[in-house]
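Presented below is the structure to which this report refers.
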């Protein structure tokens, strides 16, 4: 059985989390396979919330399933699809279903996903969502009303170490800490020097920052990230490295790169942990960890 | 017509562009003009040309001939020749003969403008012109290209009417060549016209290969460098070489050209056609007449003018303009002509001329009456800028009795000329400048405001109002015309150790030093001049024009004082155009070393121990690096406009991409601004030499006279009008007008369009979303009704 | 059946293109009689409405003849006209009349034969399109 | 100013195709200035519709008018006679004008020729951008005069999301990141401390969530007697 995530965070161990992407539909076979594969290899499994503004099975339902299978779920919540009423209500639901970890995010813009005509909400922003969770822990909702039975969460947030607008990103980072974020999982990082310099900016906080490791599967993906994903920069030498892989071995090369970086982060003590994203290919995570010596 | 008395008669000899322009400007200023032309029509060379450079305006010139013929103040004498001239300045008696009779006429002044003739290559074997039909002169090529020519605009070669696929131009045919044809001067215009011809052919038929064989590419005028780059981008090939043999290709009408390339290797290429870019020679008859009048000629047989008086001949009362004055392009010829007019005005005294309708090129298509309003002209001028161009224009106008206000931002008059020791001919600039400043400062009609600027301008031609401000006070002046002559600045180099080594000079500092201490550089053993510093590269893709002549002049002066001195001029193209070729030749004879470099292989300057300079340059001829240890280096840095945005906005004058003022595109009016009544002169238009600035300053005065001499000016006509009831003040017209005429006054809240400024294009009318503007004669109703009537008929 | 002769309206700037007409005439070239010329001070004066009204009133095609690039004496009246033509084309496509019935041509005065050539070119194009559906 | 955009002619045609006599009414205020529905555009719409309908074999009578403001009863009333003679009205005003006509002439069908889009201004001639959402409680003082609600595509109050790059929004590279603008401006003004504070969720009760909003000014209120 897994340990509570909060306990791991404070233990001083090198923390490893990974992702589970809910299916678009009700066939959960493949997802269950991933959960089984990962539940004992990582300290927490993030469940994405209509990731990239694409409608999927709900994060809360999947967190419950993970719990049933003996894993430690981290509930991702975005501000895009629910107003403050629905968000608070879902937090209460999560608690009663045994989910103890929440990652609060703004969420991608609706226009990037598969329901472009939908009305997006953004009633709260991520800072306010963290505050709402903390508020519920105090037995109060945002309307100022008392709760009959409160909650207790390990609340996390996100950061973007490779953002070009670092000053304004740090503004928000500080606010998240001030509001009570206990851990951060970062956007994908590829340039270790940028990660290091970001970590220097965050030295004063005691919060645990887990470096986001997004596994590259091809040179094309790397170029796409550079061109289209804000706050992610894949250095040219990594692109060259993966482009130079033998035919059919690109994924293997991507895994090597991920493992190498995880090892570096651990060995050089850059971050206290990592968050591995292997979008749709979660089965490779154990092998990466093995290659990284974890 | 008014019955005001017309005084003064002028005889203009030669009806080309310069003669026509002089005649029209004189007539507009109230003089009566005899325009004597030896052929049976006026127009000169231009009707023979197919398009002009850098923008094509040939279609706009036709009207000038018509205007001359219809102007009551101009008497055009065709098929006529001047037989004899007696009398003297102020009272010449001329005998003119046409086909049938002899006419005696009196003139206060004479203008020689019977121009040039193209060099005739037929007598010279090298060009094989007489032997092969497919070798044509550039003048013949113009006719072959012309849509109105026999081939209706499709270029065919003479021998077999085949459309050529490969054409070569040979430059400097009858120019820069004393062996072949006794023509030492550079003809100034051939580089550009060859590029124009080649580019036009490329535009019409992109697959035709065009090559130009040249020595130095003299693209020194405004917009020329840009035009050259365009031509290169479109595939015009430039080959730096003098062709030595043209042979027929056996069994065909093609021609084989042999030339030595830049590395000295012999190359052979075949062409369908070869074009000889023939030079400009002074017209024989014109030279004969000049000699008869006792006018001095220069070594190249062009009419010689007096120092600092670019249109005044050695004989009082006789003036010269256009290509008889020296080889020049169309816009310089027009400037020259207007300058002559101003000099005659200052010489013969002012005239009173009738009020004249605002020149309207727009036809009225409706029966609607077009109303004009007579507005008195403020007979006063405002000159912004107290440099050479500004002072010359002010003085010329003041001599005719018009009050002039000069506004200068510095604390003294003189402008850039204060830092110039000599002209390219070697005339002493400080002496001239002191005389000019004294004359201007002491003239009772001239008011000078130093350390002052214009802060406001309103009104329109004949009726401007400007506010002048200095640190103490602000005043308002009313003026009929505005002359902008704000000059330019020299950039400070950022390379070649400038500012780091005391012996690296910028040319203005160098020349100022020469004024203050003439002997200062005499003892140097070795000198280096570096050209094109910051010009023709990066953000400044234009030629600063006068630096080549400057360096050559300085080299000659130094070498004359100290023949032992080694002088190197490091250049990219030697642009000693026109008569300046003479000093280039002289410098070479004196042993000045000229080494060409390219942008890829710029000279390198380093500092050795104890501040000793070292210059490394790759010599193209030797194909070896040359190392020079000069005592000093003089850098010819770029000339830039001095941030005229504010003035441009105030006076509604456009700026080009390099920040210089833009002349009117409407017609060939090189010194008229886009706003009527505003004229431009000097370096604020583009970099130029002192004599060219003088000519422009005088020409601006000549153009201004056409307005100041009138008692009233008519405004109105085909102009836009705002319906204030409908206008919502949306600013569309303000933003869309190319001349910034409409304004929305925050207090009025609706647009107003000054009829004196409106040019009647109708752009605002078509853009107005509230349909609140109409233009007289071209309203929506009128245009739609016209369309419908055409369709229903 | 006789060949269809399209009715065309040409809005023509009184500068370069009109000189071009003169050059054509002086060269003895005829401008097709089916083209009617409406002169304007600058093509910048040609309004979207003028073009639409011409089509509505029964023209089979309309074109605007302006000065060549960079040669507008009002700086960029020809460029502004060109943008309006693009909108008219879209509108006519939407309406179902067909945007191809409208065109902008640029020419310099020196290109005398070009005016006649354009007139013929546009006539041929519109002949290919057939009579304006509004006239059927 | 209210910014609107013309609907495609085919969409307008489909709305009014069944009527014989149609009056196209423009508005001389915002939509004239934003070039969507002033007198000129009314002419273009009317002419285009006439042609489009003729192609369907119809011969409608389409007339044109343009009044100073379609959002004022007095100006609207002046149309009474003209409207009595037509079967339908096509309004090229913003939604306010369309509704004013509908309310004033209850027996005549009224159709919109424009899509009323936002409140904003021309950034350049011919390019309009939204700058105000009309939320009813202006917070611009806190954000350096740049509105995060109108100009951040997510309306975030506490700082940018992670999707901002090179000063542009993740939604489109054409769009400035509102938060980068705010940050830059406050930095210039030396007022960054204003956004360090954690802002609570916004009170949206002044937005349109309470239904049609109204403002009643007792000092100027005047009961019109029509």
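So that you can tell them apart, the chains are marked A, B, C and D in the order they are listed, and the count of residues begins at 1 in each.
Criterion: contacts are C-beta pairs under 8 Å (C-beta built on N, C-alpha and C of every residue); 3 or more make two chains touch, one makes a residue touch a chain.
These figures come from a predicted structure and were not determined experimentally.
Compared on C-beta pairs in contact, A-D and B-C come out with B-C as the pair having more.
The chain with its CA mean position farthest from that of subunit D is B. Work out the mean CA point of subunit A and of subunit D, and you get 40 Å between them.
A straight line joining the Cα centres of subunit A and subunit B is 70 Å long.
The mean-CA centres of subunit B and subunit C are about 36 angstrom from one another, to the nearest whole unit. Centre-to-centre separation between subunit B and subunit D, using Cα means, comes to 53 Å.
Across the assembly, subunit A contributes no residue that touches 2 or more other chains.
Residue positions of subunit B touching 2 or more other chains: 736.
Contact of a single residue of subunit C with at least two other chains is seen at positions 47-49, 53.
Remark: the chains found to touch one another pair up as A-D, B-C, B-D, C-D.
Looking at the complex, you find that subunit C touches subunit D at residues 47-49, 52-53, 55-56, 91, 94-97, 133-134.
Subunit B makes touch with subunit C in their complex at residues 50-51, 55-60, 62, 146-148, 152-153, 361-363, 365, 654, 665-667, 674, 718, 736, 738-739, 759-763, 765-767, 775, 778, 780, 783-784, 786-788, 790-792. The touching residues of subunit D, when paired with subunit B in their complex, are 28-29, 32-33, 35, 38-41, 43, 66, 125.
Residues of subunit D touching subunit A in their complex: 153-167, 169-171, 177, 179-180, 183, 187, 192, 195-196, 198-201, 204.
Residues 8-10, 40, 43-44, 47-48, 50-52, 54-55 of subunit D touch subunit C in their complex.
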